[in-house]
């Protein structure tokens, strides 16, 4: 499988793209720009929008960064996105996810996918006490 | 929308079903059997298998029960399962999920679904450093 | 929820649409045209194409009609299509699906959705002996 | 693509894992433990739970094993799970699925995915006669 | 089904939220704030991020606004999102989508979902001439 | 990954299959039969049905062929179908899709997948003015 567009290396990046690359490096305290961003760089507007959004969403808040990474990983696996499962798997591990935590995360993802279909298939009516959330 | 099979109330439950109902009540420290189980009770083997699996998967382990419930909720929302989003939303709230945490969870779910499609659409090749996990 | 386009009743149908309706009735030995077809009738070309395709796919062949209906139902449930789960549930029952068979079908659908995610999440490599099918 | 965790060969398996491997071999009358189980063996609790569940769900019952395997295969294909499509394709073939049956199965899977989206897109209302199932 | 969080009406909105509401009204030349935004307003950071992203993505560019709305609608239908199918259906109609165009759009969505599964199920290898895109 | 069935080359094709191949070549003004059709040719009835349906759906109508190809591509990407994303990417490019249009298409696909989940997760009620479409 070949990528749909070329990867934009740092040396070949425009000033606009390099500014995003620099912010990624600084925010993540790394020297490495991974392929996802080097592909998005073909469309600088998308690169800027997605990076700004991701940076905001993944920042520490009411949820800590590890929990956020594990939710991100769980969704990526459930959606069958190979790239995202690889990159967010490593990111979650970097935040502290152990092999045991990963196994339990997969256990929950599998169980949720199973019971989601049982609930849909049996058309289970929502209990009155579950109607309101906040 | 009507349920595909009748709900089995406790009064009408067989001894086999009642034993599961009793374990649900004890494990969850509640008097209430929600509709999901009352529907599964039409097939006692399924009721027992799913409850035993769920009980094992959701027990405290390397991940705490709140994190597990939030991952369960995130998957249920991403899969569009209305019943499960309602029931696990309330369950996560009961474990301590605040409105702010819920908003951040949804932010991550939305962002992951967005970037999953960008990574697939651009066919981003997996970086060498993301190849191995554990 | 309101339908996106009006339902086309038999009395109001064009000759082109009525010909399809008549074939549906004859093929299924029924007097009833269900809502799916009455909605498709807004676009006669689609009505004809989908009906001809469905009639061909669901005809007895190497697989019997009940097995085909149960596969159709399983997919519709797994995809979360409420209309199709209702209509193909009743169609499968009409072909002989009992409540016990339905429960087992749901058990398989749930289990498959669970293990699909485990296999994806663990990135299980395909065994050499599974590479070729026919 | 590399697997997320190492494969656990029989020689390296703990007694707990080997007991499951032995039951797989006996139940399936085979000498071969396929990669799915060798990956799950990294988490013995998951290995035991998933194997016990799968064994129960796939046992002969109201539905015969071939029908169950074909439903499993249909879901795996519809979900885009490559590993499961490979393994359950071979399993269904071992139970008697011919090339003609496979072609018809795919025809149904494709048609269901098509009409699921038409029904959703047109928001077809459920016919009164489809409301109740069992 | 009740909403997970309260709707924030304009009268009750904070200055931060009202600024977004005002930009939505101005950009879309309307007096109406639809429910999606009134729900997001519970988390002003999300409201601002999603609105800014949507405004940028849906602005005229290499693709005209009608084409963008139809792609948005097609995805929303394919994902089974009822709210989005309703809102983007009306938005596309407002941009010029006729009933005939809608029928053809659904025809393409249905056909794509069908052939996607056939290609996956038959594991069709990518033709050499399809490997590179841009 | 190996294909599930053999590819049927033109030289080895039956008269029935060759007739479809000839119509594909004529309709598309090409000498090349891509792998999708060469796989479907294992089941001539499916080959004929799918080709006839696709030809009808993708013909110029209320929507022009480029718009149809881009919707097809958007769905294929959103569904994670690698083969279809490759083939319809090249087809859309052949119809006039530029790199800029592709980037905007992906932007819309990503945004739609994001907001679909937010709308589902917040359970946004459909606005009265969105209830009717045509």
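Note that the chains take the letters A, B, C, D, E and F in the order they are written out, and that residue 1 is the start of every chain.
Convention: contacts are C-beta pairs under 8 Å (C-beta built on N, C-alpha and C of every residue); 3 or more make two chains touch, one makes a residue touch a chain.
Please read all numbers here as calculations on a predicted model, not as lab measurements.
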Chain labels contacting subunit C and also subunit F: A, B, D, E
Superposition of subunit C upon subunit E: rotation angle, C-alpha, nearest 5 degrees: 120
Chain centre separation in whole Å, for subunit D relative to subunit A (CA means): 27
Distance between the centres, which are taken as Cα means, of subunit D and subunit B, whole angstrom: 21
Geometric centre distance via CA averages, subunit C-subunit A, whole Å: 34
Touching two or more other chains - residue numbers and ranges from subunit A: 1-2, 4-5, 42, 46, 49-50, 53, 57, 78-82, 89, 99-100, 102-103, 106-107, 109-111, 113-118, 120-123, 126, 131, 133-134
Category of the chain touch graph - line, ring, star, complete, other: complete
Contact set on subunit A toward subunit F in their complex: 1, 4-5, 42-43, 46, 49-50, 79-81
Touching residues on subunit B, where the partner in the complex is subunit D: 1-2, 4-6, 42, 45, 49, 53, 56-57, 126, 131-134
Complex contacts: residues of subunit E adjacent to subunit D: 77-78, 80, 82, 85, 106, 109-111, 113-118, 120-123
Of all residues in subunit C, those that touch subunit B in their complex: 80, 82, 89, 99-100, 102-103, 106-107, 110
Of all residues in subunit F, those that touch subunit E in their complex: 1-5, 32, 34-36, 39-40, 46, 50, 53-54, 57-58, 61-63, 67-68, 70-72, 74-76, 78-79, 81-84, 86-90, 93, 98-105, 107-109, 111-127, 129-131, 133-134
